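Comments concern the structure below.
Chain nomenclature is as follows: A, B and C, assigned in order of appearance, with residue numbering initiated at 1 for each chain independently.
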Amino acid sequence: MRYAMAIDTKKCVGCGDCVVACQTENNVPHGYCRDWIVESVDGTYPSLSLEFRSERCNHCDNSPCVRCCPTGASHVEEGGIVTVTHDKCIGCGACIESCPYDARYSHPEGYVDKCTFCLHRVQKGQQPACVKVCPTKCLHFGDLDDPNSDVSLAIKDRKWKVLAPEAGTDPQLYFLT
Amino acid sequence: MKEELFVSGRNIPNIDPYLNIWHWQIPLYLFLGGLAAGILFFAGYYTVRGKADKMQTTVKWAPIIAPIALVLGLFALFLDLKHKLYFWQLYTTIRLESPMGWGAWTLMIITPISFIWVASYMKELVPGWNWKFSILEKFEAFVIKYRVALAWVMMIYSIILGVYTGILLSAFNARPLWNTSILGPLFLVSGFSTGLATIIWISKDAKERKVLSRIDLVFIIIEIFLIVHLFMGFLAGSQTAIEAANMFLGGPFTVSFWVFVVILGLVFPAVLETLELWGYHVPKWLPPVMILVGGFMFRFIMVEAGQITRYLY
Amino acid sequence: MSYKAFASDGFGFFKSNSVDPVSDEDLTPYPTYCEVCFWKCAGWAYVDKSGRIRKVIGNQNDPHCNGRLCPRGTGGVGMVYDEDRLKNPLIRETRTDGSQYFREATWEEALDKVANKMKEVKEKYGPEAFGLFNHGTPGGMLEHLLRAYGSESNAEPAFANCRGPRSSAFYSTFGAYVGSPENTDIRDTKCLVLIGSHIGENMHNSQVQEMSDAIDNGATIITVDPRLSTAASHSQYWLPIKPSTDIALLMAWIHVLINEGLYNKEYVEKYTFGLDYLKDHVKNMTPEWAYGITTIEPEMIRTTARAMASAAPSVVVHPGRHVVWYGDDTQRSRALAILNALLGSWGKRGGFYFPESVSVPKFPHPHYPEPEWTWKDWNDGKYPLATMGITTELLKASIPRYNYKHQVKAWMVAGTNLPLSMPDKPLFKEAAASVEFIMVMDTMPMDITGYADVVLPEATYLERYDVIRSAANREPNIALRMPAIEPMYNSKPGWWIAKQIGERLGLHDYFNYDDYSEVIDWQLKQLGTSLEEMKKIGVKKYPRKSGPLYLADNEDFTFNTNTGKIELYSTDFADHGFDAIPKYTKHPEPPQNFYRLIYGRAPMHTFSRTSNNHNLWDLMSENSVWVNPKVANLWQLKNGQEVWLKNQDGHITSFPVKVRVTERIRWDSVYMVHGFGHNNKKLSRAYGRGASDTEMITNVAVDPVMGGTGMRGNFITFLTEDPALEGKEVKA
């Protein structure tokens, strides 16, 4: 089982619903965010291209954040979801330094936090809050090992890219272009 | 024109606009760790070489600083933790892939060793010293008997400690400035150099200082060599690597690095030490202090600048 | 123990509880429909065991949202738990030295004061002199109160300051209104044309969702916009039009369709009137002619016209939403309606469907008294095709020196922040100073509350019962709003406020209930359901009674117009002396060193309503002024630099705004998101953030047809130094 997410940049309008939904679902403190929107503009008026990306932790297959954690608080759950056990985290910040996507942050309570693919919902068969709320339905989530899952079907016939592949972490967020 | 910006108001404390999770505590710890590693290495080396009598400061006096430095370093590290009450979790697992974990366990081993080393010389350092308990007296005799073996262990672990201070950073290849294997050897050599500088500073034996200065000179030259290669490597690398290097070649860290770390921290002390070896009179404390300040600045700048470099945005 | 104790975030006792996510099993859902904007998506407010609303999720069965709320709806919790909320009624007092302040009062005192003032106005001037500015459901309750009292002097900014022109234009053309939600069949369309619509930046929930479906279906999207909007970036064709020239483009498209014979001949033959007039009218409006005006290449005009025609009748030329631009907006909407008619999309799948709504029976009350004059009479014969009250006319009728035949002496304001929503701020300020009394009902200390004599704190939508929602959709449906928690602080629901005032005026018969849930229950029982059932399902759909969604092929159909057909040539307009078919008029261009101010929306905010909402403020805390790099170079402006804006009439923004240097905007224009630059210090997060585009809108081009206030004829220049330090110039 390998959970992954596909984000269709042809449909994303950068509304930020995924950010607010994550905040209310996971009680992310104000001033922090587990996911965010990046706007990318290129060209000269009027030959322009514009892309919106809903980004978050990539739950990498080869995650440096799990490797570098001295206590094992940062670990991989079933399906490849990378999470942090709050009570094992000492707040050393190594994982934050090791993430090429700057997806982690230091929670005010002391431990390190980040997107968990809403593990508590996935375990009950529900979708992550961001995927469930997205009005353009541009977020696809599911098991890559299942050829009929939402995410597998989404990336099947489309061109896609990942962010910073040169970092070598094997990210599991696929941006459909 | 290219624009790439956050449009969901992301402005996470200490992460945006650039990473700033590690502050002065980590560079201080790296500096003190390198320093202690240097001192302990040479203490062990000269013991093994049988030159303990000729290199008294190196072997007996300077190592007093080592445990103090290590404890202070550990304390700085503790202060850096954001979830302090759980610090003991560090010692519940051994994770071979985690440099932080390596550091925790290496320190766990070498700190007691350094205490033991100093303790074994207590009777020479403090006349009339008496271990009140017979078990401690027996232990002291044991250590003195097997001092050479202890010295070997100390040397090995001090090399591990020295290299580790560099590998700690280079393991985070998410920060382009640290994404180079040169950092390990560079920090090792730098650490040893700061250790030597400390010993030179407190030593009253001119012959000892001469021996150590020669070695230190070699180390400084190696350091400069490695720094040059560090930048050559960056400039030959990807766009992010070039941008990382550019912070030091015209960017915000140019002056502080080249002036304080290279010129005042390496070149100038090297020149002074050479002059001293040639017989000119140079204030004893000047080169070591410059090396020490340069060493700390080096680590401080590397940690600050490294966090600013990033792959994305 | 009531939830009130756990109201504020800083109640440390529950801190650790609030950190972990709560499983849905431990939450209780309450049905509601959102009030953060006017789309009114139905949803469920999830309340945890300690009585705190954790999240709001969309109702799966609701056609407005299909189970997915937009960022504002999801951020609705921020509206409830905003610590800056109005907590107690406030009454304005004047000190002996003439300075004024607000003091907290009891509901008794505040309501008495309002009722007494209403009695006074009735005696001295007649009840018609009490006006109402409203928007959304809060205003609805006050509207009922004022009708019972004898006044129909109300106006909504949504008409004259937003979508009025298209209402009048489409009504004259098709005999039907474009409602809200618009009856656009985007989800099945093959070609979506957006001219004056920025779907994706305006977060009209079901439309954004349907546009996403259209993209999945491979529909062709054509966007006409001087700026690379989000919709433009997802389009196959982006026409970067020169601002104010849209009518030329629309007429040129009509010309191409007619001259190349691409229009839907059967449809036009059967259902429309006036083709010959139209043919003659557009014969010289070639793409080449339009190119000189709009800067859109003739080939592009032809290609896009052909694309529309090949998709017809499954093509939507979107009517837009905020269409008050240059004063000839009804005519531009007419051109757009004509284009749709030629393509034969009205009443066809993928074009415009025939919507139907559930008719919710009115709770019994006596007939409203007949007022001597209403909002129709202010206009004094002007704006004959206006279908609702015009806000700017209500303002002018409040100022004695304008000498309107019917004068307004007092206001109620609910659900609209007039200082930021009314163009020509000086006019508003003069009107506010002229009236004898202003009552404001609001949830937040918005800028309008600073002008009030009595401020009444309303409970938010998550804390009250409200009217049953029944909007026109593909399927008729109703939605229930019920409180998820008790009103916080000392706030009260709108229905209670209206009833309390009404009873003080002796209007008990109009409020024949103790709790509004009785009204809802009665109404629901008339509709074959009940409050019990609706509490469980939230949304109920009903079968259509008015016939199919679309016109069948060759079906006979009479349109609700003078001729019984779709009027390409508008007899209504001709009758009133307006151009029966739109003409292109040139509009003023920015003088040297000035740039046209274009404004719009951001998907995470609703105008100025949400600027202080903590969840949404996290996403966007201020606006910026978009400046083209060439212009930035000229003025030496850097990204992030703060500038003050000054307009052609010398008005300067109260606060500076940050510059965003971007290629997305033309070099003759700048762009800002509307709704920032709040001037009320009680809004701790929103005060002083960004600048108010409204302050720059002082040149208003009034549409003679229905009184719409064209706002895009304002030009700004940059001030890089704080003008307050210089002490000169007129302040906004």
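In this text, a residue touches a chain if its C-beta (ideal position, glycine included) is under 8 Å from a C-beta of that chain, and two chains touch if they have at least 3 such contacts.
The model shown is predicted, which means the values in this text are computed figures rather than measured ones.
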| item | value |
| --- | --- |
| Central chain (distance from its CA mean to the mean of all protein CA atoms) | A |
| Interface with more contacting C-beta pairs, comparing B-C to A-C | A-C |
| Separation of mean Cα positions, chain C and chain A [Å, integer] | 35 |
| Chain centre separation (chain B, chain C; CA means) in Å | 64 |
| Junction residues of chain A - those touching two or more other chains | 14, 16, 19, 31, 33, 41, 43-44, 52, 109 |
| Multi-chain contact residues (two or more partners), chain B | 1, 3, 7-9 |
| Touching two or more other chains - residues of chain C | 604, 618-620, 662-663 |
| Contact footprint of chain C on chain B as seen in their complex | 1, 3, 7-9 |
| Partner chain C, residues of chain A touching it in the complex | 10-11, 13-17, 19-21, 23-27, 30-31, 33, 41, 43-46, 48-52, 109, 118, 120, 124, 126, 129, 132-138 |
| Contacting residues of chain B [partner chain A, same complex] | 1-16, 19, 21-22, 80-87, 89-90, 92-93, 95, 97-101, 103-104, 171-175, 238, 307, 310-313 |
| Chain C residues within the chain B interface of the complex | 604, 617-621, 629, 661-663 |
| Interface residues, chain A side, partner chain B - complex | 14, 16, 19, 31-33, 36-44, 52, 64, 67-73, 87-94, 96-102, 104-106, 109-112, 163-164, 166-168 |
